[in-house]
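Following this message is one structure expressed as structure tokens.
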Amino acid sequence: MRRFPREYCGIFGVYGHPEAAKLTYFGLYALQHRGQESAGIVASDGKEVHEHKGMGLVSEVFTEQILNALKGHIAIGHVRYSTTGSSTLRNAQPFVVYHLGKTLAIGHNGNIINAYQLRRQLEEDGAIFQSTMDSEIIVHLWVRYFHLGIEEGLAKALSKVKGAYSLVLMTEDTLIAARDPLGFRPLCLGKLKNGGYVVASETCALDLIEAEYIRDVEPGEIIFINEKGMQSLYLPKASRCAHCIFELIYFARPDSQIFGQNVYLFRKRQGYELAKEVPIEADFVMPFPDSGNYVALGYAEATKLPFEMGMIRNHYVGRTFIQPSQSMRTFGVKVKLNPVKELLKGKRIIIMEDSIIRGTTCRTRVKTLRAIGVKEIHLLVSCPPHRFPCYYGIDFSSRGELIAAFKSIEEIRKYLGLDTLYYLSMEGLLKATHIPKEHFCLACFNGDYPVSLEKGFSKDWLERQ
Amino acid sequence: MRRFPREYCGIFGVYGHPEAAKLTYFGLYALQHRGQESAGIVASDGKEVHEHKGMGLVSEVFTEQILNALKGHIAIGHVRYSTTGSSTLRNAQPFVVYHLGKTLAIGHNGNIINAYQLRRQLEEDGAIFQSTMDSEIIVHLWVRYFHLGIEEGLAKALSKVKGAYSLVLMTEDTLIAARDPLGFRPLCLGKLKNGGYVVASETCALDLIEAEYIRDVEPGEIIFINEKGMQSLYLPKASRCAHCIFELIYFARPDSQIFGQNVYLFRKRQGYELAKEVPIEADFVMPFPDSGNYVALGYAEATKLPFEMGMIRNHYVGRTFIQPSQSMRTFGVKVKLNPVKELLKGKRIIIMEDSIIRGTTCRTRVKTLRAIGVKEIHLLVSCPPHRFPCYYGIDFSSRGELIAAFKSIEEIRKYLGLDTLYYLSMEGLLKATHIPKEHFCLACFNGDYPVSLEKGFSKDWLERQ
Amino acid sequence: MRRFPREYCGIFGVYGHPEAAKLTYFGLYALQHRGQESAGIVASDGKEVHEHKGMGLVSEVFTEQILNALKGHIAIGHVRYSTTGSSTLRNAQPFVVYHLGKTLAIGHNGNIINAYQLRRQLEEDGAIFQSTMDSEIIVHLWVRYFHLGIEEGLAKALSKVKGAYSLVLMTEDTLIAARDPLGFRPLCLGKLKNGGYVVASETCALDLIEAEYIRDVEPGEIIFINEKGMQSLYLPKASRCAHCIFELIYFARPDSQIFGQNVYLFRKRQGYELAKEVPIEADFVMPFPDSGNYVALGYAEATKLPFEMGMIRNHYVGRTFIQPSQSMRTFGVKVKLNPVKELLKGKRIIIMEDSIIRGTTCRTRVKTLRAIGVKEIHLLVSCPPHRFPCYYGIDFSSRGELIAAFKSIEEIRKYLGLDTLYYLSMEGLLKATHIPKEHFCLACFNGDYPVSLEKGFSKDWLERQ
Amino acid sequence: MRRFPREYCGIFGVYGHPEAAKLTYFGLYALQHRGQESAGIVASDGKEVHEHKGMGLVSEVFTEQILNALKGHIAIGHVRYSTTGSSTLRNAQPFVVYHLGKTLAIGHNGNIINAYQLRRQLEEDGAIFQSTMDSEIIVHLWVRYFHLGIEEGLAKALSKVKGAYSLVLMTEDTLIAARDPLGFRPLCLGKLKNGGYVVASETCALDLIEAEYIRDVEPGEIIFINEKGMQSLYLPKASRCAHCIFELIYFARPDSQIFGQNVYLFRKRQGYELAKEVPIEADFVMPFPDSGNYVALGYAEATKLPFEMGMIRNHYVGRTFIQPSQSMRTFGVKVKLNPVKELLKGKRIIIMEDSIIRGTTCRTRVKTLRAIGVKEIHLLVSCPPHRFPCYYGIDFSSRGELIAAFKSIEEIRKYLGLDTLYYLSMEGLLKATHIPKEHFCLACFNGDYPVSLEKGFSKDWLERQ
């Protein structure tokens, strides 16, 4: 099965609803696409803090009884996808600690690039660690600056942290949301009908619980919400933004607003741009479901070609699927997607895809299509080739896995067995965003990293702990 | 959540593969849409029969270890959806019994309408029952005629049975497949690459395991496959067929061939017919996912209107979702589908739907769309109104639940809050099938039941047992 | 670990308590020593019957929620130990069937020796079987005679059955208890404080729920308890009884009354008889816990020797204990029992044991004692040698497993590594019972089977099904 | 059910066996009586450390697969019983942390009385805590002194800790065992046949895995075992010992050697002393099983009175037993113990008990005995009355729960409904120990606390965190 590039996490927080944990449950549900490995919720009634975390989907980790025990009007939640192999409960979030009579909880989305240095320094100062999570580093830093006060202490701590982070934090009586100064990962603020507040990785979580979208948490902003209302502190202003463009291209749900743009309409615009750049003669356009859906709609609309859904997805593919025996190895790919032979046979088709990481899944799918007699296969990718690893929270960072880092487009086309392979140009992509180029992190395409790595950076080091 | 009309079951059988149970696992996986309540596999190595059944999805019921214990080259499997409340392991299939040194197993898809009479007669003759399943009746009848031989005995037994049935059966050394004389439910025959045979409710199961589709099991045919090869017996020929047209309209997977037709292309033709019958001026066409997808594609193609996917499906909705509290009641509908506000606001839209049973889910969805500012909503249904209950295995049989049985189309339109409501005509529907009208059971539309109910028919009676 | 001879089952029934299922839960709890493999309860409120069965201990199979769902004032329950390998839920009891509008449930303790013939005959008459349980045969027979009425029909059915059975049965409105004419297995009748009735395998179950012991169900008696009160039918009177003497020696709990005798006091009397027959000079007397406890107390009392508890039992030995690796193989025996070195070293000890079946566990224990420096080991067994298999429900029936069937006592003594090995004489044993010899089945000692086996008897045959 | 005073934990460690985790599994099994709430094992192959912890019994928490994954020749394990309500996985041990490239694990038995002060100080220095366990405090202290080296750093850290602790610790390559300077809790050292080392709370764990007992870890000793062999460091010598006498009286298994004494023989000597102090005329002596067993044996031996086991224990009482309904409330006590009516009726009996904490269970048992007609009940307790709470790890510390703290012995006798109530004198108790008085902590009897509490000590404070 294709190894999708996946972001680490989705985060959610509520202040001011009598069933804050239940709202958080629904919010995480809407954010489940951002992490399926573990889920956790921490809730407080202003005094006592309760938590529950577990491995698996939100719907597996929580029961009615568990949610009822997570009492209180404040809650934060987290869903996690790990790319590192440390898939243990130990690394599930939110992370909860005790310090000087206070209970602190934190959920993190992103990746800190000076984690090694910070951790080393903290350990040299006597700190012990119980996980390999960035969250644990942040909370260690926070308490070091508690003498400045909870609020200023957190601002001071975050000023030491480099990299990508959208955070939800909690004390017994306060909900906190924070976003790094470059705004790598999304984080939005909403208002409940009863006046309470919500923060979430994506607006689709606000929609589900009928919260009104107010605005994004600003890059560099730390919002504190408690009895006294909502206040913000600001980290030193950065000269630019570094929104992860892959959130728009792939991660975010199409019904979300991200970085001020509706994801569905953005993806259609990618299709328009592709139609301008590479008009192809074919019988119809189709996506590899579901990620290519909206680009394909846009391309079809612009080219007046028919849109079809030629590969049928099995909605019951679970996480515990039993592997086929050696003799059945090729079944694997069809477990998830089955082509509609009668539609595809003898046809010239254009397929839309959001990205090609390693190329192995794509190659198998193309083979399957050839086997049932598809005549021509033209693959259009809705962004430039991925040539550089991501250090800010996306899982295509590992060595040698990016097919475009080592092969030319023509070589990739041959490897995949395509008639045509075309990548949307950087210009076309940026045009579709309606956002200035300098607001994005485009490092995975052009190697231009907005926050430079320090000597000794090595996520691996942490993993070996 | 909308109460979909659901068929009872999916069935699958293999003869002649060293890992028959594992093939069956994959086959059931592809048929999971036909039943999510329980799953079971029975396998034989020619001498010993092993079975495993459980509540839940195929991927939940079976583990590698369990599959490995189901040794042998013959296997049958079953997935079940129950509409009756008797959701217990007791009613899971395949059903296994012992008789005179033989082990018999049976899996059933359909509904026997003289079940009450047959069961009563059997009980008066001394039979005891352990379930409320039709399968148990069939196997009781079968052993009564064992003196005629296994094969002729089964034929004799089935000649007593009225109604809809597609069956897989098994003895220690023989795989058996049977279909009622009117062919209500689908059942197809395939061939494995190694020469073995497969039977399955739908061809999508053949695709997954790379079996070649040979032909459908014929109405009234009983196929026996064992060491001696494949032989058929035939029940007395019926003067007509009674294919369940709702299999084409709704149940079957779009990538399956059913009753000789590809389901995807058939549904597109429904869209063409709708376009002919009711051309509407609008901004675009969209389905309620996923069932309306293909009709909408056909309609859009025919009318040249854009096709959009304006409601986003959450793929992580599991079976154990926690219900919203009273104050959160309206969240429920959005858990599954969230509209793309930015796309839909101020638009005139045409929505495609395969059927309206009770109308409650549809009504809530329309409300949600109105709430985000959709300007006009035109709903097109891809078949005539459902006015009559089904006695042959579909779950919209209960009294008073069919909105079209009591309301006029105009009343339904008002109830649903639509600008336009249109149902495809019977002629249009049949034209799309490419099959003569007399080959279908259309009872749910016109009340013309191909097999008449006998006095005293009452599924309820059995359920009360 | 020593393979204890184990009886198949414990049974329990209640009539006339609003929480009949909960009482049954407690009753089964007290009878758990009679079967740890599966447990089940069936309850009725006079109209609807509900059941729950599962693999494992009573405390594992039932939850508060499950018990609450088993509504009604009538209930029967069953715990099972299987010796045959068919440890599946399929064979768990009570067994429930439907017939002509009635629901029938049955729980069985014992073994039918004409099972093969009865089953064959029933199958030839058209019956199908779903298990290998004797219970299923009995209920098949019962419904064949339903035309005689529920009561007379059951009497007629049981008149066809040969062998050992104590039964609890149930219809929607009636609790039934029955015992074979020779009274192999125990079954007692008790009265609740509220006037309701209870039947149970042993009186310890009455004690727990504070029911008063009234009398034993008589051999050959069938008791029906319902709205009309309590009535009895009687099977043709047998000329003798055949109480299983091993119930007294080993199976029954010491706090139970069985066959009119208190088990604790009986076992002490075995000790007195042993003291008379074989007075040994030693430092003290001790049991292999817990089965030899009371014989040892009696022997110590009679001989004035000190009583010690020189091997300490680990109370946390569960059913899922992980096996030691090859290099740790000898740990196994100490997991359950650890000798008190400081007490035992250099001592001459007399050990009491209730029986030696295969001798392997005993041998290992003797080795362990020698290894810590015990000087003399004299083993006294509280009954004669087991030389013949049991066909009435005890698990030492298998071929070649009885060490005393093939070895002389002197050979056994050597094999076990003992200084002395002595078996209580038949006369001593019977004297301890206070019951005439002809009331017992002594077949396992003398091969004199009270009910003769018919040609073709083979439990194996059934198991192969 | 009687609330037994329970110690917090059992600990175990292995160095130098290829299957160290499996040995630890067996060792914890033998120590299960010291904690049934959670169990954990951490293992290392010298480089990589793996851990597994879970709620429940050792046999429930570990599977063969899990043990196989805990690779390496070093392992430590822990079983825990919590008295504080914090029964969560978060508090399960061993506790594992990362610091400066090292992995540290710790398992603790005992209670630190300056925990509040230490923790407060650590937090003020910037530490964060993730649990309420003393272990976490110790490891925080340890790393603060890492600059002194692993060994000296630990010694320095422990010199700051006041109270009772027996510890097993581990780094990637070293097994460490430590015991507080007063030797409150037991800890012994053993040798494997292959030359490897074992440490365990009690010698019964050595017996099971066939390790030879070498000696106790000395009070104030810290043992380091690694490639370089075994070395010891010593904390400043204390002027006395403070062995917990309740380990001998109640906690330890009778087959263990504790503080140089065999527990079984010690308990018999308590019986001798009781016989000297209070000879009573009665029909026989019996224990409340199992804790009074050995005292009763000693008393019976000394007085020549018969020994009986008049209350039968149900060995299948699990942790998840369903509570009786209101109307069945009195069943509760009989679930665990059932008296043998026929033995007890009309008798004058002496019952041996190890302690009376709250008196409620004892009272119910006496009532039950009276109800079946016991004529005289004389209760002898094998130690003086418990009048003071324990701060060193035993769970009868809570306020107002000790019946003897507020009532005179005569008042207790009346409350319990006894004919006689007698407590063994302090002199008698100490005489039975064969150890000088000043080597024991007798605080629960006389309020003389060997380590004084500091201002602000409050376990509750920690629990509230």
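Each chain gets a letter, A, B, C and D, in the order it is written, and its residues are counted from 1.
As a working rule, contacts are C-beta pairs under 8 Å (C-beta built on N, C-alpha and C of every residue); 3 or more make two chains touch, one makes a residue touch a chain.
Predicted model, so just to flag it, every value in this text is computed and none were measured.
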| item | value |
| --- | --- |
| Chain D and chain A - chains in contact with each | none |
| Intercentroid distance (Cα basis), chain C paired with chain B, Å | 49 |
| Rounded Å distance, chain B centre to chain D centre (Cα mean) | 61 |
| Chain A and chain B: spacing of chain centres that average the CA atoms, whole Å | 37 |
| Multi-partner residues of chain B (at least 2 other chains) | none |
| Which pairs of chains touch, using the document's own definition | A-B, A-D, B-C, C-D |
| Chain D - residues contacting chain C, complex | 19, 22-23, 25-26, 29-30, 32-33, 36, 57-60, 62-64, 67, 204, 207-210, 253-255, 257, 262, 264-265, 290, 293-294, 297, 300-301, 306-309, 312, 314-318, 320-325, 327-328, 330-331, 334-335, 338-343 |
| Contacting residues of chain A [partner chain D, same complex] | 89, 96-101, 103-104, 120, 123-130, 132, 139-140, 143-144, 465 |
